[in-house]
Amino acid sequence: MNFPLAVDIAFILLALFAVYTGWRVFRTDSMVRASFFLLLSFIAVGAIMLLLSAMYLGVAMFFMMGVEMMVMALFMVMFMMNPAGLNPMMMVHQHRLAIGAGIASFVIVAAMALLARFPHRPLPADLQAVPSLGNELLGESMLIFESVGVVLLATMIGVVVLSSQRGRYGNAGEGSMPPGLEPGGEPAGMPAKDDEEGGGHHHCH
Amino acid sequence: MAVSWLARLAARAPVPVFPALGMRGEEALYRLALSPDIKRVDSPRHASLLLVAGGVPPSMQQALRRVHDQLPAPFTTLWYRSAPLVELPQAAVTTVDSLDALPGALVESHGRLLRNTVGRSPRLLPDAPPHPWQGLGDDGHGGEGMMGGVPYGRPMAMPPTADLRDGLALDILTFRLGPFFPLWPPGFEAEVTLQGDIIQQFSVRSSPFPRALAPVFHEARERPVAIAVLERARARHHLQALFHALHLAGLEDLARHALRLADTCPSGDIVLLAKWFTAFERRLRRRGFFVLHLPKCGALRKKQAESQGGFAARAAGIERDVRAEDDGYRRLAFSMMTQQAGDTRARWRQRLAEIAQSFDLAARAQRDDMHTAQTDAVETPRGAWHDTRPKDTSHLLEDLLPGLEWGEALATLASLELAALSPWPREEPAETPEEGAA
Amino acid sequence: MILDQLVWPLTWVLAALVLGPYLLAVLDGLVARSLGPTRGPGIWLAPLSRGAWWLIQHTNVTEAPDGRAWRLAPALYLALAAGGLALVPWSRTWVATDIATSLVLWGSIEALATVVIFLQGWSANTHLTLVGAYRYVALGLSYILISMFVLIGVALPAESLALTQVITSQQELWNVLRQPLGLPLFLIVGLAITFRGPFNLADSTDLAGGTSADVSGAQRLVWEFARSAMLVAFSGIATTAFLGGWLGPWLPGPLWVAFKMLAVLALLAWLGPAFARITPERCVSLMWVVLLPLAFVDLIWAGVEALL
Amino acid sequence: MELLVLFVILILSLAAGLLLQWWPGRHHPMPTYPQRAPFLGGGLPDTHAWSRFHVRYYPMALLLIAFEMEMMFMYPWAVVYVAQGMKAVMEMGMFLAILSVGILYGWREGVFRWQ
Amino acid sequence: MTLTTVLLLAAALIGIGIYGALSQQSFVMLMMGLELILNGVMLAAVGFWAMSGAGAPEGQLLTIVVMAVMAIEMAMGFALVVAVYRGKQADVTEAIADLRH
């Protein structure tokens, strides 16, 4: 970074923005706004990471959080009463305790930051952040990738098992049907079945 | 002045017109679609002109006022064979009675609107929220509790009911759509309940306006008519229906092409027409009308298909066609075509096949100057017309559409012809069908 | 220094941001003319006169919109498009934003575009726009993976996530030939990110304009402009990733980039209206079950090719 | 410096987008309530459109998050792919196999259908 | 921009996150609080990596793992919400607690 002053200004602005949007998450009635305020907070933090020369992590923050907060917004709207905040609402409990805990944790972490002495060891000038991360990930034994792969598969299956309807509600029979002999074809070896709930309603393939 | 050059520039753009179709307003729509100066838009928000084509019954005038008020300023109105709303000032009203003058009048109105020499249409309805409300909360909300009250003048979405598909019961949205929704048959109005984008309930509130057919179908009930003329009229009817479906599918150029074919139908060289149509159909398939767009759903049940009649019944495998009983057609070796699936895709396959068949029949009938033999029944594009005209069957939708995704539902609707048959033939202004025009 | 590193890149990126969508509109006009008769003010003036009409028309407001988000959405979409354009290298030295992970940054722009398009439809608080918004998210969440796999494919031989490196790695052979599946898949992403043609799930006819159904006037102008600008930015990335960017004989690099971008734009302008709109359900299945495995194949191909 | 340029470009285009929307309409009056009603072809809604919208592809959205996570690991992998050689190839094979299993499983369970 | 200021920002984010996670009744809002906490943690990790760790790859690794944890938490959390809602049509944390008893 050749312009320390510009970096400082950018950092201060982004930091204020991150804190403000983070705070607004819990102060807005609209769930969509809340999700996207959180996204803005993440983006600001990602930008700060870029300033800290974590080129990959900062950008990864953008695309990971862009998708995650989009999905977050979908689910928030799906499952919250009054999702757009058309009526004012305050859905909190143990409010004072929460404020206290929030302030306390801030003070503790801040005190640690202010009081502790950390060694000053800046990034080496020739460090290539992304390849070093890649090499570290692959490592000697590919342990990380192996475990990530397993966790990933578990997540995928868990998500599908939990969220799809698994044959409990008539139409859910779709979920337990064998796939077609050809893509989009009729399920193999299954008789045509009527669904109880849907009456005469049809599903398209 | 800065605005004036902007206005002059804007006046040269294709005119964005929102057509509100009344009774027998379709011709105006077809004319607009083929006019290169006009851009027909689907939402009044995108239009500078409100074109009211055809008569609007008194029961729909309030809806017309609502659509009228939804055009953003500046805009003006144009009335084609329709009586303007009485409260509109004369300056903001242009009436046109001739189809040929319509595109010109629209362009003219648009230009004058931008030059400020025509009255801008005023608002007709009182400026009040749909429900009286007062802001209560910090941001001017008006609700009570979580879900009560009428914040900003409307109630909150309905509490959950059962869901047709996956058993997650979330909020439903109920609204009345029509009668000027551009993707519905003119005059059709329905109350739709959505959960997500799946239709949960569908109830018809007003049937579509009766559809007028070419005079030849009416003549066929009185005396033998030339089969060539009859089949040309049939093909034309289906091609015009295809225009709507292709517009819905986003294939604008093919939609216009279908209309141009339809316009050539009454008098064009039948052999050429058949050839053009084959090429057109091939393009239709190649460009994904079936594979990408048409859903394999909206299948009619046996009984529904029977009550619906016509191509929809034949698409569901019911072999019923009055033409098969007519001696004139028999001599042409008319053979009935059917499809089995009975769904939206099958209906369009059937219709396209019937158009091709119509061209084929017309070509052969024209060569030998064949006439129909029976007059007590005629197969209209809408179905068999025996003693009574085919009736309105839009109530079918109440059973057909629930459970369908929005786009699938609209494609299904576009594949059906539900309106009753009008007792009066449609006027054929300029072109009189000439036999043997080839 | 400031002039060199700040003002000059700004100038050319903003010039591309203004000129690109205009040229795309002209190309669209040409495609429309080839498909049927059009009249009006002529191919060069038509986009301007359309824009002038949008400036004159009043901007619509709905009953209880999320006003700020609604106005922000088109502007943010434009900003994302501009960000995408800033990543495009015009020559070895003409790169506005040359960071080590510009390829990933483009991926994030795609992800954030979904958010912005959703916001546009959601904020109006009207029924048809809402359905359009949700429908687009189904598409947006599907195409992003394809795009990422395809772009990782071009990063393999480059051994870098920087777009400039991606171009230098194409010195011998452009990626469009080296990874034949890449560009076709990526073009689909381009149609999807700007919801054109078969992937117009957001602003579709069956919703009377979808997310734009209740938008008029200047807001619509910005929206449509941003949509075109995004396609221009996309064509820049496609040029960089697959068509060798500035590489080419005789002409200076930036001209090559401009020509290649125009070629990609023309291809997309022609592809867009050529196909019927796909139904949302079929679209999601197509993306995940057909195109995503194809993207896997592309990645494997790229991987094997890079090691050979 | 590159980031500064990007930042300035983003801000400028954002500002231009907002200005372009605000400037022409700064003197326009607030539209009337009937104009502001949602366009429904002349019909009226019962309620606000904002609701607990039943997203029909929610399992797909969740599956995507899992995939997305995996993409995050793949970008750094792509950079060292050629350098690492065989090991990276094996890694890619494993990941793609897992993803394919995930897609197949999801497809079998009807995840990509409209629920 | 020093390590201290970065950590202060992280502390603020963590504080807000803890407030949110504790105060919000609804399960999904609670998840937002958690995400905000993790946001602060990631920032702190990157700060250490850049300014105190001399670019040791573990710093980046930690961040990326936290991000993955976040994604898994979210995916599983929402899947759980769907499952619970389907069973009980409720979304508040209390309801989930009830189910466990």
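In this document, chain identifiers A, B, C, D and E correspond to the written order of the chains, with residue numbering beginning at 1 in each.
In the analysis below, a contact is a pair of C-beta atoms (placed from the backbone, for glycine too) under 8 Å apart; a residue touches a chain by one contact, two chains touch by 3 or more.
Remember, predicted model here, so these are calculated numbers, not experimental data.
The set of chains in contact with chain A as well as chain C comprises B, D. In terms of the stated touch criterion, the partners common to chain A and chain E are B, D, listed by label. The greatest centre-to-centre distance from chain D, using averaged C-alpha positions, is reached by B.
The chain pair D-E and the chain pair A-D differ in C-beta contact count, and the higher one is A-D.
Of all chains, the one whose CA centroid is most distant from that of chain A is B. Chain-level centrality, scored on Cα centres against the all-protein Cα centre, points to D. In whole angstrom, the spacing between the mean C-alpha positions of chain A and chain B is 45. The distance from the centre of chain B to the centre of chain C, with each centre set as the mean of the Cα atoms, comes to 33 Å. Rounded to whole angstrom units, the spacing between the C-alpha centres of chain C and chain D is 14. Residue positions 64, 67-68, 71-72, 74-75, 78-79, 82, 85-86 of chain E are each in touch with at least two other chains. Contact of a single residue of chain C with at least two other chains is seen at positions 55-56, 58-60, 63-64, 99, 101, 104, 122, 125, 127, 134, 137, 141, 144, 160-161, 208, 213-214, 217, 279-281, 285, 289.
Looking at chain A, one finds that residues 50-51, 56, 60, 63-64, 67-68, 71, 74-75, 78-81, 84, 86, 129-130, 133, 135, 137, 144, 148, 155, 159, 163, 165, 168, 203-204 touch two or more other chains. Listed by chain label, the pairs that touch are A-B, A-C, A-D, A-E, B-C, B-D, B-E, C-D, D-E. Residues 5-6, 9-10, 13-14, 17, 55-56, 58-64, 71-72, 74-79, 81-83, 85-86, 95-99, 101, 103-104, 122, 124-130, 134, 137-138, 141-142, 144-145, 148, 152, 155-157, 159-161, 208, 213-214, 217-219, 221-222, 226, 280-281, 284-285, 288-289, 292-293, 296, 299-300, 303, 306-307 of chain C are the ones that touch chain D when the two sit in their complex.
By the touch criterion stated above, chain B contacts chain E in their complex at residues 160, 167-169. Residues of chain D that touch chain A in their complex: 1, 3-4, 7, 48, 50-55, 58-59, 61-73, 75-80, 83-84, 87-88, 90-91, 94-95, 98, 101-102, 105-111, 113, 115.
Every residue of chain C that touches chain B in the complex is listed here, in rising order: 32, 35-41, 45-46, 48-50, 52-53, 55-60, 63-64, 127, 131, 134-135, 197-198, 200, 204-209, 212-217, 220, 273-282.
Considering their complex, residues 20, 43-45, 60, 63-67, 69-73, 123-130, 151-158, 160, 163, 165-166, 168, 170-182, 184, 189, 195-198, 405 of chain B touch chain D.
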